[in-house]
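Next come two complexes, and both contain chain A; in the first it sits with chain B, in the second with chain C.
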Partner chain A sequence: MFEVDVKVETLKSVFSILTPIVGEIKLSAGEEGWNVKAVDPAHVAMVDLSLSKDAFEKYEIEPMELGLNVERMLEHLKGAKSDDMVHMKLDSDNRLVVSMSNLTLKIPLVDASGFSDPKVPNLALPVGLKLNSGELQKGLKVSASISDHITFDCTEEKLVMTSSEDLSSMTLDLHKGQEYEEIHFEKAAKSSFSLDYFTQLMKGVGPNRDIVINIGNSYPLKMEFDFAEETGHARYLLAPRIESN
Partner chain B sequence: MGIKLTDLVVKRPLMERELSSRAVAFDAYNMLYQFVSSIRTPEGYLLTNDDGMVISHLKGLFSRTCKLIADGVDTVFIFDGIPHELKKGTLDLRRERKEKAQRQWEEALERGDLETARTKAMQTSRLTAEMVDQSKRLLDLLGVPHMVAPSDGEAQASYMCSKGDVYAASSHDFDSLLFGCPLLVRNIGSTGKRKLPGRKAWVSVEPEMISLDDTLSTLEITREQLVDMAIMIGTDFNEGVKGIGPKKALKLIKEFGNIEIISKGSRIPLLEYDEVRKIFLQPNVNNDYDIRQGKLDMNGVKEFLIEELSFGEKGVEKTLETLKSRREQTSQSSLDSFF
Partner chain C sequence: MVLSFEEIAKSYKRIEDLSKRLEMTDELIDLFTGRSPAELEYIVRLTKGEVRPAFEGIELGVAEKLAVKALYQVTLISPDEIEEKRKTLGDIGSLAEEIMRRKMQMSLFSEELTVDRVFKSLEKISLVEGKASQDHKLKLIAELLHDATPLEARYITRIVCGKMRLGIADMTIVDALSYVMTPEFSDIIEKILSLRPGEPIEASVKAISTHKTAALNSLIDLISHPKKNGLDPDIIQKVHPLVDDLRSRIKNNRKIMVKAYNTHPDLGSIANKLMEFGIEGLKTIHVQPGVPLRAMLGERSSSIGSILERMGGETALEYKYDGLRVQAHIWNEEENRSIVLFSRQLEDLTDQFPDVVDYINDRFQGEDGIVEGECVPVEPNTGRLLPFQLISQRRGRKHSLQEKVKEIPVSLIVFDCLYSNGNDMTNEPYLVRREALKGLFKDLGENIEPEKGVSLSKMKIVKDPVIGETFFNMSLEDGCEGIMAKSISGSSVYQAGSRGWHWIKYKKDYRSELSDTLDLVVIGAFHGSGRRKGRYGALLMASYDPKEGIYRSVCKLGSGFNDQHLFEMVSIIDELSGPIEHVWKNVDSKMIPDICTTPDLVLEVLGAEITFSPNHTCSFGKIKDDAGLALRFPRFTGRYRSDKGPTDATTEEEIIGIFGSQNKIISDRSS
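So, the complex of A and B:
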């Protein structure tokens, strides 16, 4: 049994958050809602996304797992108007039937049996900050013209984003109480990240969203945010670039 | 300059840490030209120190070489020797272009057209004997081995690579492939974005590897045939045939096999091809060389750059510091290593 009614905007958010990480997902539909955990093929970035059943107008589900192609789902949803309600159910051929207003799609499921279940680690990170995604996006965008990676250097009073290559460099200062709000601070932390990956993740986050980032010392970055009017919650992990010799 | 093969060669991205602890032969003139063309003021003037002495080449060389060494690359620099008689035409042409660019630069400056000025200025770039000597001196102080090739630097680097004395040869041009270089690395050390001349556009420049074997087997031709193609397209040593580009040359070679047969069946005039073939297939190289890494003379570098040439003390020391630790090169980690 799988039959739901959900706003097209909510579905779009779900798949937009997943698309920077993987092409195909295994969606776990449970009694309380949906969950997707996925790691990118290089094991550099990971997503853990939950959508509560409160996000749905109708939610009739026996716990099951569905394999879906993320990009194709996003393409399909382009057929909907922004305030459309999407009706989804499985037909007798085990195809996903997606209907929105006068449009109906029948989509074969992807075989998800071989998909691994990534374990999402519990990371203890010394710094946690809350800020608007636009602040990060600014730094990432500019540094892409300089280098292929960016360093986050967080001290008690500010977060400094830097990027340098050969003779060029960029520095962006974000200040506590101004551009960000401190959630917790144990000790200074500094990590570098691939701009390619980070920029992709920020596309998943979207513009003008409140996010919480956690930083450690040459440690993965954790970035969390709510979506779909707080019925959804997403968490990204991004492995750092590390100093080596 | 060099042969236009971009669309035909088989490229792959340079792997993370691929060059670490490996020797790479650099086409020294090729690299220094890049520096004197790109390290300029917005008006297009070369960077000078307080005494008015040009330092663009050393600034670039110092920064680039230190980064490579810090990344673990054993750098070897090969300077061009005496150019082959047949290169004279190319060299004359380059000189004329530079003179023309010089005039256009001055005109653009008068008009106040900075963008054109800088582009034209870049095209005037030339290396003086003094710049080359200073570069060699800096390499000596950094402990980087270098040598002068009998003729073409790329030929020498390719020879060293084919013998296995260096892992790869680095040049911006594709000529190394004609010289039989098994592995050519391009854009090394210049990762990031490069501005397209004359436009407000950026292209992403990533280091890339080109394997001669992969290229030949993909194109299904021999190296001799690749050289014949190059001769038809035009090289630094001959003009080529009008109207024949890489794609057409490949088609002709695959259909007919070699230049002799192609020129027999058509009116394509192919003078000098014997000599050009010889340049590429039996290159003039030196097999007596010592490319062992030397010792870094930290004080010598400081004396030369800071005291003699008035480089900023802080910048020089900072760069040297990265060298000492053989450096915090960053490489992408995997999430797996954290749980």
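So, the complex of A and C:
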């Protein structure tokens, strides 16, 4: 049994958050809602996404796992108007039937039996900050013109994003209480990340969203945010670059 | 205990630094010892750089570009930087190792690679098909590299790209397995030591635990000369039988393995069976349609008289057709008839000869069978034989095959039967096999009739050398390269994979002074100048020494190439070239060409004579101090021996033989 009604915007958010990480996913549909955990092939970035059943107008599900192609789903959803409601169910041939207003799609499922279930590592990170995604995006965008990686250096009063190569460099200062709000601070933290990966993840976060980032010392970064009117929650993990010096 | 891939990667690294066959065997013995059946199978396959035996037609051979892309994904070192490194390093394995060492990106988690996982992932990569196959392969490679150490990455990328090239011959693997599979080994060693045989023997015996083959040889050497080595004769009398026993056990096991390998050339499954059931397990390996046998080969002789002498006064003579040797397998699977054609190199040729498949399907009247024949180009109206070179245009072709089938019609001339109606025929004598062969096809005659497509090789039983000579001349007139004498004695069985005196070839090339062409391996190339600027001026050619597994130079080949050859040669050499320490692992040459290549490509070469040369290493110092043997005035016949692998090339022993007989002719003439 799999039959749901959900806003097209909510579905688009779900797949947009997943697409920077993987092409195909295993979606676990449970009694309380959906969950997807996925890691990219190089095990550098990971996503853990959940969407509560409150996000759905109709939610009739017996727990099951569905294999879906993320990019194709996003393509399919382009056929809908922004305020459309999407109706999804499985037909007798085990195809996903997606209908939105006068449009109906029948999509075969991807075989997800071989997909691994990544374990989300439990990270203890000394710094946690809350800020608007736009602040990070600004730093990432500019640093891409300088180098292929970016360093986050967080002290008690500020977070400094730097990027340098040869003689060029960029520095962006974000201040506590102004551009960001401190959630916890145990000690100073510094890590570098691949811009390639980070920029992709930010596409998944989207513009102008409140996010919480956690930073450690040469340690993975954790980035969390809510979506779909707080019925959805996503968590990204990104492994750091190795410091060359 | 789970076997880590790192452990075998380390072993491969040590093997790379070795050049002597015995040392490699010793390393392999360590690598093979104490494995489970599946592990040993995987290790043997990986060592050969494949996941399935070649005859199944499933190959890895992923483009290096894809491996480079995976390296980028895993390390985030820019593609430009990787490309730059590739130019200086050449070999994909060294590149991967270096790039992985400079990895900039950490990962969220990683797991140690096991042999099991590496093998299964590679197997998946080899089987991926379809539209998104490149992306899928990339993902699988990246997943492996992600968990790989730099050293592991070196071998993963090489295997994935089909370029393992450890320089280990199949027979070296067999040698190592025959040691591993002689469980009495340690008992006998213990027994010898318990005799307290004294210092030199004890030291030699103890060395066997680390230097297996080499130490056993030196032990044998030691006790064979007791006086010279000052050994106690009483002790020797006790030690000798034990050592002999050990040696004969190993030898015997090796013989059983070689026989299994010749009838079922898949070392991976042989290794698996060995571990599971012991040597006895190999006895269940039988000739089986669908699995190619290694071809039986003939010795050569320079006169009908000497052939008759060897054959006991009477012999069968068969035309030796100049074509492509083909082993056709016909069997039924769920009511459907399967027909598969294999080359001498055991490659699947079926898709390249749909016409031959049709002919067989039409004419075959048995239940099932394995027959051997020569696929020859024929003139469609008369059935006259056409030059062999035409058939090479049919090979390796994927496009416009249908046109070529019409343009270059071929016929299959069958000459042997290895399996017939459920029965293994290889242990039957020649004449019985030939009768069985006749029974397998409708209306099989010795005249080539192009529309029928299958005929029988021309054969005559002779006692008189004059009649034999006439038959030989007739074969040349009919467009053959000579004749093959086949023993009609009761012991004349089909010896798969070996060269023996049951078959003796007699060929003559009247244009050359040497009575036969040589098949030599390209080991390098020299840049051309003048008209050949930008191409290659000459190739460095080698013969093969199967005892040591080494290729030694025998001539610089510069003539006989037309423009087409010169053009083709550039990309062929490019594909085979690499850093000297990698591609020349099994090469022994004093001459260093501009470009060194992996010994792989075999060319047919004519020459005037074999002479001494201080520059070439073929049989260096064996006949004359400080000189090797070289081919004078070598000339390429235009024939790529793509049907032969490098280990099938003319051997050093054959060249020594030709040198000897050539001098005999000279001394006969002068006397």
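Following the convention adopted for this analysis, the second predicted complex is superposed on the first by the 243 of 245 C-alpha atoms of A that agree within 3 Å, B and C clash if a C-alpha of one lies under 4 Å from a C-alpha of the other, contacts with A are read in each partner's own complex, and residues count from 1 in each chain.
Here is the rule we go by: a residue touches a chain if its C-beta (ideal position, glycine included) is under 8 Å from a C-beta of that chain, and two chains touch if they have at least 3 such contacts.
Predicted model only: the values in this text are computed from it and were never measured.
Superposition of the two complexes onto chain A shows a clash between chain B and chain C.
In the superposition on chain A, A:I107 contacts neither chain B nor chain C.
In the superposition on chain A, contact is made by A:P220 with both chain B and chain C.
Look at A:V212: by the touch rule set out above, it reaches neither chain B nor chain C. In the superposition on chain A, A:S145 makes contact with chain B only, while chain C stays out of contact range. Looking at the shared chain after the overlay, A:I242 reaches both chain B and chain C. In the superposition on chain A, A:L90 contacts neither chain B nor chain C.
In the superposition on chain A, A:A42 makes contact with both chain B and chain C. One of chain B and chain C touches more residues of chain A, and that partner is B. Judged by the document's definition of touching, chain A residues 39, 42-46, 119, 121, 148-149, 194, 220, 237, 239-242, 244 lie at the interface with chain B and also at the interface with chain C. Chain A contributes residues 23, 39, 41-46, 119, 121, 148-149, 194, 196, 218, 220, 237, 239-242, 244 to its touches with chain C in the complex.
Those residues of chain A whose C-beta lies close enough to touch chain B in the complex are 39, 42-46, 119, 121, 123, 144-149, 165-167, 192, 194, 219-220, 237, 239-245. The part of chain C that touches chain A in the complex is made up of residues 73-74, 76, 78, 103-110, 135, 138-139, 142-143, 146. Contact residues on chain B toward chain A in their complex (touch as defined above): 17, 39, 59, 63-64, 67, 72, 190-193, 202, 325-339.
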